[in-house]
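Note that chain A is present in both complexes that follow, paired respectively with chain B and with chain C.
For the complex of A and B:
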């Protein structure tokens, strides 16, 4: 079981309204014992980072299906740095071509989960990060 | 004892003693499936339950000849980057035998922001084409005669604005509004429930919906004013039975809104269209389309006392289910799409979009769109299923499944009625909760392999690199921003201000806003400018999140 104190912000950045994935992940993580905060739709990177800091979360998970990932992920990383909050982990998923993943990881994204990823991959990933 | 019971207690019982069945068989809507349907499972008599195509209750189809007269409209949803590039794709699709256009707009356009709005950053031309003003609409239809082509527009919250751009651009081609043929999706309720591109709160949004109905009823007699959509709720995770129920409950809400606005049911009901998803479960999907058709006819006749037959017809567009596509072994998706298309055609769809194999990865390439279109053509011209009307009618199983789905849908509609109708049910989060719950249940089933997804959780291979994917040119945004800036510079600013003020003043009254928006459109007011006037009066919707 995950440490009860681990808090995760699940967010939908940008204008994309496809929230099936975000909601399923939020439910999954909650059932796995994490404290989950879901932001809802249309959050700007600024709003997401502000929410992450005020909610004192350990990690942010974002879901992007609109193709805007090349802008949204790096922007959130940049804002976290500006706010001295780089200890907050950023992971995410969505319709993200394989070719784009190395660039996102280089920018500081911890992990990207693409369509069809088992839920267990995501919970295992978080468990490995917060095992101790 | 019936013959079926006898069979079950003798021949079947012996077989089950020797070996159990593979699993417990359930429909995707959750109810147990008949092992073997027989005449005993037919609950209603032929004439009242089925009837004849083109006649009430339209179970067998809305046209008397169905595909023997004309095949369904093969309509591929497309649009990306700029109007210039999308115009090229449309011309290509038309040259390949596609028979109608379907415009995908980018998210800023769908939510009423111009391309130079800070909120549009990163989204311009991504999931569809960016349209900022009538100028872009003129470019989009350059060389495409707007009186000859039928155009479906996936636009909801700002549907009145994009229709105004369309009408105004047609005028410039010398085509009058009465010649225009097509559909505006204009279905705001499912945006709150599932798709998320809302702008205004429900009450003013419903006003815009009915403004469009009233304007079109007087000016564009061939225009389908709304496409009441189950597709997105199904994509968000609901079941087939819920898809029928939530869609028709939304339909009921729109009819009531139009009646409350003083319209006569037979003046607008014939222009209502529907939009469903088609999934892998072939027989359940065929049954779904038939049940939806029969139930809508009943609702229009019994609840709303429609007199015209056309008012009772559920005419629908179908899209194959995007959520069934896998990123793994994407070629397998061609097979899924073929099965789903077959269901749509055997279910009597009026038009069809087939998804492309690579859409779990990116927007489709031209090559994969061609395969998707060819899938429809093979079904239409080679499979033979289009040669006779409603070919699965009379199948004991399909008929019993049709009855069962209708029954489940009616139960849901009764619950929604109890909540005060679809608008209230959405405001209270009921529909969102039902969808989220079904989505989570499905995902858990996939996780433990109760639900096999070939190539994804079973029959997997080592990851192989996929071929070429469609890429959006990074210069798109810059180009689009330059264009909208130029449009704003080169117009009559005084008239623009005057018409925008007139629109805002009209929004404060009960007037139909469509003529005011058309005035703005003709002067090259941008979508963002028009929507901002409405935002100032109507406010913006803030969702309450349901997990």
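For the complex of A and C:
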């Protein structure tokens, strides 16, 4: 009877670029059986967190190409904390220098996937987090 | 089964004070466990019955989400609180889904008076319309004046979901060929208001005239004369008139008892489904799962006893008891 689906919000924040990467991730997750709430381009951290809360997602995945990762990730973590929603996991992908990754993880980002990473890494990561 | 330790009453109180996290939790709960766990509907009932429930259906790409965004903005400007349930199909193979309607509604995310929830069909249509009607009840109980349900108009499932609505807006667009292929059989009959979207594109007038003609000629329409309006969701043109027309229609339905008739039919169906589930779990399943059933089954399988005679006997006993 219980039909617990893992729900994941995918967004491409920032004003730059396209959402091809985010769409690829969305399709990969759908094919792995997840419910993906796809919110598209140009989201502010505030919009992302508000949508995540209304949609009651388990995790947020964002794609960042702009170099604004140093702001976007910590800001989302902060907003989640403010709204008592720190149980929502944040992961991300995009063009993020290796040197910046430890700092982001320290700030509370669960995982970062850089462009070279195979898509299976993302599904494996989620599977390990949500093994039922 | 991982049982629900959720305090639904507490979530409801939080939801009624505008806590969207609590609303999100309640909807997830009914999606996961159904409506009958925790006597949820019983707790909600006293708080429901106020919202105007509007279904929006039409072909993929017709502009339902874009229009929803604009309609919500219009109603918010009039002081209403609006809830949106956007339903998309899930993959029959993996059960996964991409729910993308929010892409057109991003401006709404931060508005306090709006709640938006994306739902997937999760493979089972009957289950979906129950979950959908549960979500509507939750939004109604949390004080949303209008609840919009967006769903793709392609089959039986949508007709079932539309049964959850008080009234249905059907959307079509120009440029789909000589006949209005977007309007499938059966969809004409469920529409209370029709909109030709993308009136900024060529052919909208003609589509509108053709649609009007199809409605006039349809023998199943009876006395009803549903309005046909032209809008452009993208250019935000005609949306206010459409919203007003929906509310006017709702007002007429209320006065003419049509609303009552529809809610009557809906409640009967919902109660029947609810009771089936409760009786199944509380009365029937225990009979089949009881130790004594093992004794019976050997007799059945060796054909020394008739299982159907036994089943009739059990049902008669139950019937006797509730007389």
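Just so we're on the same page, the second predicted complex is superposed on the first by the 128 of 132 C-alpha atoms of A that agree within 3 Å, B and C clash if a C-alpha of one lies under 4 Å from a C-alpha of the other, contacts with A are read in each partner's own complex, and residues count from 1 in each chain.
Assume a residue touches a chain if its C-beta (ideal position, glycine included) is under 8 Å from a C-beta of that chain, and two chains touch if they have at least 3 such contacts.
Note that the structure is a prediction, hence the values are computed from the model and not measured.
Aligning the two structures on chain A places chain B and chain C next to each other without any clash.
Within the superposed three-chain model, A:51 lies in touch with chain C and out of touch with chain B [touch as defined at top]. Contact with chain B, but none with chain C, is seen for A:67 once the two complexes are overlaid on the shared chain. After overlaying the two complexes on the shared chain, residue contacts for A:84 are found with chain C alone; chain B is out of touch.
Of the two partner chains placed by the overlay, neither chain B nor chain C lies in contact with A:108. In the overlay built on the shared chain, the residue A:40 is in contact with chain B and with chain C. Residue contacts after overlaying the shared chain place A:27 against chain B and chain C alike.
Looking at the shared chain after the overlay, A:5 reaches chain C, while chain B stays out of its contact range. Centres of mass aside, this uses C-alpha centres: at chain A, the angle toward chain B and chain C in the superposed model is 100 degrees, to the nearest 10. Once both structures are fitted on chain A, no C-alpha atom of chain B lies closer than 5 Å to one of chain C. Residues 26-27, 30, 36, 38-40, 42 of chain A lie in contact with chain B in one complex and with chain C in the other. Interface residues of chain B facing chain A in the complex, by the touch rule stated above, are 107-108, 110-111, 113, 119-123, 126-127, 191, 194-197, 235-237, 323, 326-328, 360-363, 436, 439-440, 443-444, 447, 453, 456-457, 465-466, 469, 472, 543, 545, 547.
Residues 1-2, 20-21, 23-25, 27-28, 31-34, 90-91, 94-100, 102-103, 106, 109-110, 115-118, 120, 122, 127 of chain C touch chain A in their complex. Taken in their complex, chain A has these residues touching chain C: 1-5, 7, 26-27, 29-40, 42-43, 46-47, 50-51, 53-56, 83-85. Residues 14-20, 23-24, 26-28, 30, 36, 38-42, 44, 66-68, 70-72, 75, 95, 97-99, 114-116, 118-120 of chain A touch chain B in their complex.
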